[in-house]
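Two complexes come next, and they have one chain in common, subunit A, joined by subunit B in the first and subunit C in the second.
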Partner chain A sequence: MPESKIAMTVREPKGDVRIIDIAGELTSFSEPVLAEAYEDADRPGVKTVLLNFSDLDYMNSGGIGLLVTTLIRAQRKSQALGAFGLTDHYRQIFELTRLDEAIGIYDDEQSALKGS
Partner chain B sequence: MALRRMRNRAVPAETVPVIPTEVIDGGAIPDNDPLFALLLATGGPVEVDRITITSPALDEIRQQGIQLIVPLISQGELIGTLSLSRRLSEQPYSTDDRKLLAGLAGQVAPAIRVAQLVRQQEAQAKERERIEQELRVAALIQQTLLPKELPQLPGWNIEAYYQSARAVGGDFYDFIPLTEGRIGLVIGDVTDKGVPAALVMATTRSTLRSIATQHDDPGKVLALANESLVPEIPPAMFVTCLYGILNPETGDLVFANAGHNLPYVRSADGVRELRARGMPLGLMPGMVYEVNSAKLDLGETVLLTSDGIVEAHSADGEMFGFDRLMELVGKDQEEEDLISQVLEELRRFRPSDLEQEDDVTMVAIRRASSALESASAFGDEPGLISTFTYPSSSGNERRAMDEVADVVAGLGMNGDRLERLKTAVSETTMNAIEHGNHGDPAKLVGVDVLASTKRILVRIRDQGTAPVPAALIPNLEAKLAGEQGPRGWGLFLIEKMVDVMRTATNDGHHTVELEMSREGD
Partner chain C sequence: MVSKDDKANWSPPKPHLEVGSAPEGVNAKRVQGRRLTGPQQGFGQLWQKTYKVAISQKTPEQVIATWKAEYGRFWPSHSKFYAPVTGIQPGEVGLIKSTSGPVPLSTGVLVLYSDDVSFCYMTPEGHPFAGFITFSSHVEDPVGTMAQVQLLIRANDPAYEAGMMLFGSKAEDRMWEHTLRSLADYLGSSSPVDTKVVRVDQKRIWKNFNNLKYNGALPWARRSKGPATPPR
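Right after this comes the complex of A and B.
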């Protein structure tokens, strides 16, 4: 499997919220990276995980599949999944795939934290 | 009784009316023989013995033992005679006999005249039909052999025009696909017209086609074609022909010329001729053809023509001529459609009621100065702007996406619509790599960008043989409930991203065509 051109870091802006900063390409090859980041974010007491797409270069249908997998994982743990920093184009894709109904979409980090 | 034919301009000698079986055909009386005038003037039966004039026809008639000549006159024209020899009773012809014969001649003459006219018309109609048929055959040969489609070269606009004269000439042009994306350009003209010219054109065309794919030197191609055509072509005929090899990537054109009109290049600095010396094909063996090369820069057009243009005549009998054509090519750099320009000038020059003397053939090959210009030159019918190929390895879908995006951005597409097309291109290319070609790097994915003034098409082709599956409508609830796999968004997204998506499977290829309107760009 080719190496994924992606980097993720996990931040803790509030006790019950974690932010995963995503930089690079989100494709099916990003799966181990996202899985690891999610594991890192998934601490006891965490109610919301926010995905920061501000530094996203590219996402394809494989990346969308990965988000669905992450959403299933979050729902199992009764955690809310949110996203911010999406371009209009990717927002439109979230709407078309109806991911926006299951993932809270925010303009930026501030409103995401307010909403969660 | 003999029925004589008159050698008369109005009635061809071949149109023989019914001839009585027991008697000999007396031959015709020439209309310059004094007897002719005498019979016409007399109007009734004449006894041969009483004629005193000197006439070769009369001598012949006497030798045949004819005694009485009854002229057959219809509407003042002598159309034949009834010639009677001695009566079986040896008695001379009586006044009653002559009256009877005069009456008979009066009734028979118009009937014979009608029969003659009918025959004559039938013969003319047959001749016309034969000529028409030959014209149809010649036109059919020509139409069958001229290219049905023009080659699509990215960054180039190729146009061709052919208008046959009534008596179809032997003009032809051809495009021969060569290795490494190069293309052979042919324009030629067979002397003579009609079926013979069409057949020589067919022979020349197939000869050039077979030689061109084996040799890279246009001079050698013409020399070999000449050797093969000399024994094939009738002595009075020959073929002028220009053959060039164009490399569309660099604009390099290498060419040789067998006595054909020189090509003209319209450039920013005006016009230049592409000269190369050589004798027409089919005249004599052992000919050598000079080879020259030219480079066509962005925005330049090379125009290939046949004689029908420069040899067209005005109402005053003036010829269109090379100078006029060259001047026309050299002016008006803004105007891109050179063929229309030449045709317009030709129409102005030659009055419309004057019949076109020779075939008019033109091929214009323009190197676009930009993708935008290329697309606008294509008009309503999308033409090829760029073409790419990628090995089927993961990650190349992004290269395809970026490279197509560069081209499409050059066509003025931007913002959300550009992003949507990019996503569709990337998804489609990924499907081609993973599903069509099963990730085998030896298998290629071809991506063509086409554009017209109204639309942009991206065609993505893989080497898959099974049909492209219909898009499964993904259902997020089912996926979240684990009833559908988390993936399977690709085709759904592609369909949503573009205005129209089409799929086709044939000749061992899947092709997915993505269409976006250019409106709003």
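Right after this comes the complex of A and C.
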């Protein structure tokens, strides 16, 4: 498999919320990196996982598919999945693919935390 | 990392699909004006199906260029894909006519995304599946270039879900295995097709039960001129 050009780190801004900071290119080859980050974020008591796209360089349709499978993972754990830091372009892609109907979209981290 | 400008790779916003002229014998009414359906707008269990074949003689760019240019050629004879006049370009709609199931099917897909090494379709209301079909090519060590089709789909409504369980899923596998086999033959590879099927979500989305009203294979929907209401 081609090397994934992405890095993800997990933060704990509130007891029941985790943020996954995404930097780089989100494609289907990012699957192991996102799976590991989600596993790290998925601690007992966590009710919301927020994806921070502020440092996203690029996302293709494989990346969108990956977000769908991540959403299912969150739903299985009864966790809400949210996103913030999307450019207008990627916000439009979320709307086009109707991902915005299942993943809460916020302008920034502050509003995401308020909404979670 | 370098930021890529990928805006041209994605379809522009499409609240409703618009079909230009339809080839004779294709019912574009099953696509015209319909909304797109992602996996979360479908009804059935969510499946990720991956089919791939080695085509080591070509680069990923060559594989995808050929696939886009000759897309319909690789389909089985019972199904026909009418590519957009401008080719497989983001935002264009391709129409499909198939007689593989018990009822002839007319539907279509939107070209959601396209670049040099991949392209992706998204399905509309009334299509048997809700989701994405991604065609891609990449290099795997030590084999070399691979061509891949990956589906992330739910059956769009309860009738299609029943059909999927009875025969549709296997038929889908056969169709994409045939497509990859044909593509590989065309590009000079005799490697076998590898199939991997994963059930991502076993739950059905019951709030989308009413997607039945778009199902052109059902009598009450076929008779109507537009989206119909199923019998209560």
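Simple rule for what comes next: the second predicted complex is superposed on the first by the 116 of 116 C-alpha atoms of A that agree within 3 Å, B and C clash if a C-alpha of one lies under 4 Å from a C-alpha of the other, contacts with A are read in each partner's own complex, and residues count from 1 in each chain.
Heads up, the rule we're going with is that a contact is a pair of C-beta atoms (placed from the backbone, for glycine too) under 8 Å apart; a residue touches a chain by one contact, two chains touch by 3 or more.
As the structure is a computational prediction, the values presented were derived from the model and not from experiment.
In the three-chain model built by superposing on subunit A, subunit B clashes with subunit C. Within the superposed three-chain model, A:46 lies out of touch with both subunit B and subunit C [touch as defined at top]. In the superposition on chain A, A:10 makes contact with neither subunit B nor subunit C.
Contact with neither subunit B nor subunit C is seen for A:113 once the two complexes are overlaid on the shared chain. Look at A:23: by the touch rule set out above, it reaches subunit C but stays clear of subunit B.
In the superposition on chain A, A:68 makes contact with both subunit B and subunit C. By the document's definition of touching, both partners, subunit B and subunit C, reach A:101.
In the superposed model, A:93 makes contact with both subunit B and subunit C. In the superposition on chain A, A:35 makes contact with neither subunit B nor subunit C. On subunit A, the surface patch touched by subunit B in one complex and by subunit C in the other comprises residues 2, 25, 28-29, 58, 60-62, 64-65, 68-69, 71-72, 75, 89, 92-93, 96-99, 101-102. Contact residues of subunit A toward subunit B in the complex are 2, 25, 28-29, 58, 60-62, 64-66, 68-69, 71-72, 75, 87-89, 92-93, 96-99, 101-102. Against subunit C, in their complex, subunit A makes its touches with residues 1-2, 5, 23-25, 28-29, 57-62, 64-65, 68-69, 71-72, 75-76, 89, 92-93, 95-99, 101-102. Every residue of subunit B that touches subunit A in the complex is listed here, in rising order: 394-395, 397-398, 416, 419-420, 423, 426-427, 430, 474, 476, 479-480, 482, 485-490, 492-493, 496.
Across the complex, subunit A is touched by residues 1-4, 6-7, 9-11, 13-14, 36-41, 46, 48, 112-113, 115, 118, 120, 122, 132, 134, 136, 138-140, 150, 152, 200-201 of subunit C.
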